[in-house]
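The following pair of complexes shares a single chain, chain A, combined with chain B in the former and chain C in the latter.
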Partner chain A sequence: MNQDNRIGEVVESSSLQFTVQCYDLYKSPNIGTLVKCGTDPQLFGIVYDVSNKSMDPARRPVPRGRDENKEEGVYLSNPQLNRLLITEVNCILVGYKSTEGILQSPVSLPPRIHSFVIECSEEELREFSSTLDFLPLLLESPILNSIDDVISSFLIKSSKSHDDKSRFLIYAGKELAFNLSGQLIRLNNLLKRISK
Partner chain B sequence: MNSEINNFISKDVDVLGMVVSGSLTNGVEVKLKPERSVSEIKVGRYVSIEAENLKFFGVVTDIELGATDQTLRVNPPEISNPFIANVISGSTAYGIIQVEPMLILSQDDLDSIYGPQPAKTIPPHFSKVSLASDEDVETVFGLESDTNFWLGNPLDMDTAKLCLNIEELIKRSNGVFGKSGTGKTFLTRLLLLGIIQRGVASQLVFDMQSEYGWKGFSEDSKEVKGLKQIFSSKVAIFSLDEESSRRRGVNPDYVVRIGYEDIEPGDISVLKETLNLSEVAADAAYSLERYFGPNNWFKEFLALSGGEEFIDLARNLNINQAALSSLKNRLSRFKRFDFIDESGGNDSVTQILSYLDRGMHVILEFGRYGSDLAAYMLVANLLTRRIYARYAVFAEKALGDPTQQPTPLVITIEEAHKFLSPDIASQTIFGTIAREMRKHNVTLLVVDQRPSGIDDEIMSQLGTKITCLLDNEKDLDSVLTGVSGNRKLRSVLSRLESKQQALIFGHSVPMPMVIKVRDYGTATSYGDFQIEDTKFNFDEDNEDLFGKKL
Partner chain C sequence: MSLDLTHTALQIDHMSENIKNHRQTHINKIAKALDKIDSFDFKHHESRIENSLGMFNWNIPKISSGSFDKFNSSDFPKDYYVIATDGSHIDVDRHIPANCYLINIGSCILKYGNNSFATLNSIPKLYAEYDDLIITDRENKNKSVLVRGAILSAKRMLEELKSLTNLVKEINSGIPILALMDGSLIMLDLIGQTHPEFVKRELVQNGFAECLDELYEISRQKKLLLASYISLPKSSEVVNSLRVSNCSFSEIHCDLNCSKIAPGDRSCDEVSNEIIDREVFSKYLNTGERSGTFQIDIDLVNDYYLDNKIHYFYLNTGEEIARVEIPKWVVEREDLLRLTHTLILNQCKLGHGYPVSLIEAHEQAVVTSSDRNHFAQMVEAALDEHGMSTYTSEKNLSKRLRWV
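Moving on to the complex of A and B:
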């Protein structure tokens, strides 16, 4: 296992999504990134939300930089901040690995707390995105209304892992068009985003 | 990895889409696959449809645009973005083609026994529709062989040969149509060539423009070989105008002379319209024949001086003097034709027959007389009438002894509507031949740019019609009367390209087909004819073998 790609551990999970606390403050994958966690089965998720906050919900951070010239100064003068503040990542579950390969379908059990969460390699991303059966799952996701941003970032990242990038995007675009018939404006906006 | 995206990338090049609805009367509707664009498919293209254990062969009759989202029209996507345009086309907005299933090629062994059958049912929902393959075309129309002649290629199928069964073809009279400059002459030359090559009939060609025998010209004034240059031992050139033939470098096998005694009243009545004769004047020829006798009437009549003698004759025959005088006037024109000889003709008919009897093909060049319709019609009628009479005698004999059947004869005439117009079709020999089908083993190949001028009944008797572009409504009506699927063929026919494309339908083909007519006139084309000749014509082989080539 590539230690370098490990980003953190699961701290909260359901069968729809899970929350990862990153090992290092501000060291998180960005939205649309494919991650995996757990073993047997290995589960796949896509990052849909990243947040930074106080470890203790009861203690809000207060401003500390009135006398500093630069922002970094705040952290240098208060080294304890790196322990009191955390970065959290929310992922939506999109599939799992079975004996037949990667299956894009809802998972039956959530990942365990403290499962290691690893950012997928480009190869894994290519394999995962070679079918887009999970798109309806995402498009209809009740989780969040900015899901279209997640989808477009995921597709753009995936396209870079394929040899024929534009062909992949057209394929993805047609899948979107198929799933969004009757939602022409939404489709148009999504396509505009991935065409850039 | 066998994933969606890979399937998508390595798309099956021939699959178009699938059947989504349809009926036997209107054909089936096919939704195109997302990656297929409507603009790559043309009306008239052939497709095959796979349904469980049947394979249908059909033709694209219409192309439409569909949309899954009805707001598409009011709210069109940003197609100025090429990516979006690419995605939307074929998915949200998709293509529909209408396909008319024509034939069923069953996929079991019976296929080879019964051949393709007319489609009396339609393929079920979701059957896969593909572009027809070369093999499909071969199954339907047959492979090139010693009876099947390669006439052209189906639309957009450059490697599939459409072959015409020449033996079937010549069992009926046939027609080549198309407006001026669309390729009738080139097409006809190919048909003549096919008949020569397959050796199934003798031919007599009334070559009005002198373009079939020794050489013709293409649009860009390049010379193309005539049939004699390709089949020197099988083609004889007869000429009406020796001087013109020689000027064009042709050494005619025979120069035709028509004697006054050869002309019959029937030959004149055919020319009624062309010579602008009244009914009375044309009929007067019959009275003259009765009066002067069959072999002399023409000579005596033209020899008459005016005045008393003429008035007496009119009175004797009880014919209006003005009519008689107009007849004389018009017939005097014939004196200017050098091929008409007062002192008697040579026996051209016997000559022609002796060539035909040897299985050869006679092309009669008109030279400068080709521009004189009266000369063309007079000669064509006169010779054909006599030749047909002889064939009738042969056929009579053959009734007792079938081995005596004469070789079938195909007679080619241009400007056919002049011979076959409704008011004279019943009187001319050509009308008789066309109506009697293959009685006496003689059939016609009529070439015309104005089929609406031809009698309807004759049109309906034509076995196979091959027609280039026609744009006159009446002409379209006329070629398509009595043909099933009339309306659809009409739209196909009026959209043909302006040259070298033709719709072929009728007796000798299992279904109508649009073809790009085979190229004629290039070095490759001549080479191909020679190869075919050795491959499919066994007589020629034998001749070579025994060194007795003519």
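Moving on to the complex of A and C:
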């Protein structure tokens, strides 16, 4: 297991998504990043939301920097903040690894709590994005409205992992067109984003 | 039925009216106490105390010539540690089917300066062995008391200090360490109640005082400061000491002279009655200033704290007047005393009025009512799992199953 890319552990999960508490404050993958967790089977998720907040919902952070010149000063003068504030990442489940290889389909069981969550390597991202069968899962996701931002971020990141970036994006564009045949404006917006 | 708030509101109104009516008299008393402090004659005070032959009934501290001086804080070091502990407990409960109690000690280590970091932790410990549940007289095994209520609170305080001592020992560094406790350094739970002498010997002399001794030994190798912080103190020892010079009798003998005079009408009441120390020091100290030190002079300390005399000073944090208690070895070294003042003031600033290390230690230690319910359920479940029948009182059952 590549511990360098380990970002945190699952603290909440369902068969649709899971929440990761990062080991370090502000050290999280970006939206659209492919992550993996669990071992049997290994599950894949895409980051769709990142939040920084108080670990205890009842204790709201208060301003502390009135006398500080720099923002870092707030953390230096209050070292406990690194223990009381957390970064959380929400991921949508998009597939799993079986004996037959990577399957991009809904998972039957959510990841276990405390599963280690690891950011996928470029190689794993290339392998995962060689097909985009999971796109309908995302496009029809009931989880959030801004899913199109997540999809475009994922596709742009994936394109960089492929030797022929343009060819991948053309393939992705065709998949989007197929899945959004009745939603031209949405399709148009998505295509514009991934072609930038 | 819930509390009849309509009825209570009328009584609250009446109480507020009373407080308002007495306010001016109260302010006048504080002003007179301040005048007394300004003209305080240390030698006169000392001689009157000596001549009273112990017939002065009020609890007062030992005052030194600099007790009513005022001190400013100094610059604080770049690198230092603050360590704080706090505790909570679940008392023995006859309504649950096991005789046990739990002490949860929360701790907070804050390192400031280079490579700053924080360590927050809590360690719960369940006490259920026979020896945990009683304190026995070492000299007479037939004498024992149950650990619960005030005795459990005192034991918890001892565990807080033990934990603080262990954390201090773990730090191998030459930089200053402020070890901070919440509340008093005096085991107040054992004062004023009829606890057997062997309980005080066990918890105070063989426990708390030994820990203080250990910390003193550490302070000879490390730059260690030990203090406890009392927020919104309600003590009136300093104010009571002003009674000495205001006593109109040539010889102080409270019982003989004033036993037939109603409280409020005695000559000493003019500067002291119904006012407390922090009310006076809030007018006396400017923001950031501390008073000189006063030595606690009570039987519990004199009889059981060995050489660990406890002193205190009042501190104007800017948000409130706090009472900071410190051991003798901090008072005796001007640099340690100044640093204690400075670091606690900074802790209050960082904690928006209350030492941030104590806030975090408390957050680690706190046992909520929901935790208490879970604890009781876990005890029942564990006993059940081991095939033992569980029980509770009918009173507890009636509270759980509320019916009409």
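The criterion applied here is as follows: the second predicted complex is superposed on the first by the 196 of 196 C-alpha atoms of A that agree within 3 Å, B and C clash if a C-alpha of one lies under 4 Å from a C-alpha of the other, contacts with A are read in each partner's own complex, and residues count from 1 in each chain.
Methods note: a contact is a pair of C-beta atoms (placed from the backbone, for glycine too) under 8 Å apart; a residue touches a chain by one contact, two chains touch by 3 or more.
Owing to the predicted nature of the structure, the values given are computational and were not obtained by experimental measurement.
When the two complexes are overlaid on their common chain A, residue A:R83 makes contact with chain C while staying clear of chain B.
Within the superposed three-chain model, A:E127 lies in touch with chain B and out of touch with chain C [touch as defined at top]. Number of chain A residues touched is higher for B, counting chain B against chain C. Once chain A of one complex is fitted onto chain A of the other, the partner contacts of A:I113 are absent, as it touches neither chain B nor chain C. Once the two complexes are overlaid on the shared chain, A:M55 sits clear of chain B and of chain C alike.
Of the two partner chains placed by superposition, only chain B is touched by A:S181; chain C is not. Using the contact criterion defined above for the overlaid structures, shared-chain residue A:F168 touches chain B, although it does not reach chain C.
Those residues of chain C lying in contact with chain A across their complex are 108, 110-113, 116-120, 350, 352, 356, 360, 363. On chain B, the positions that touch chain A within their shared complex are 1, 3-6, 8-9, 34-35, 68-69, 71-72, 75, 77-78, 81, 83-84, 86-88, 90-92. Contacts from chain A toward chain B in the complex involve residues 127, 129-133, 162, 164, 166-171, 173-174, 176-178, 181-182, 184-185, 187-188, 191-192, 194-195. Partner chain C is touched in their complex by these residues of chain A: 56, 59, 62, 64, 75-84.
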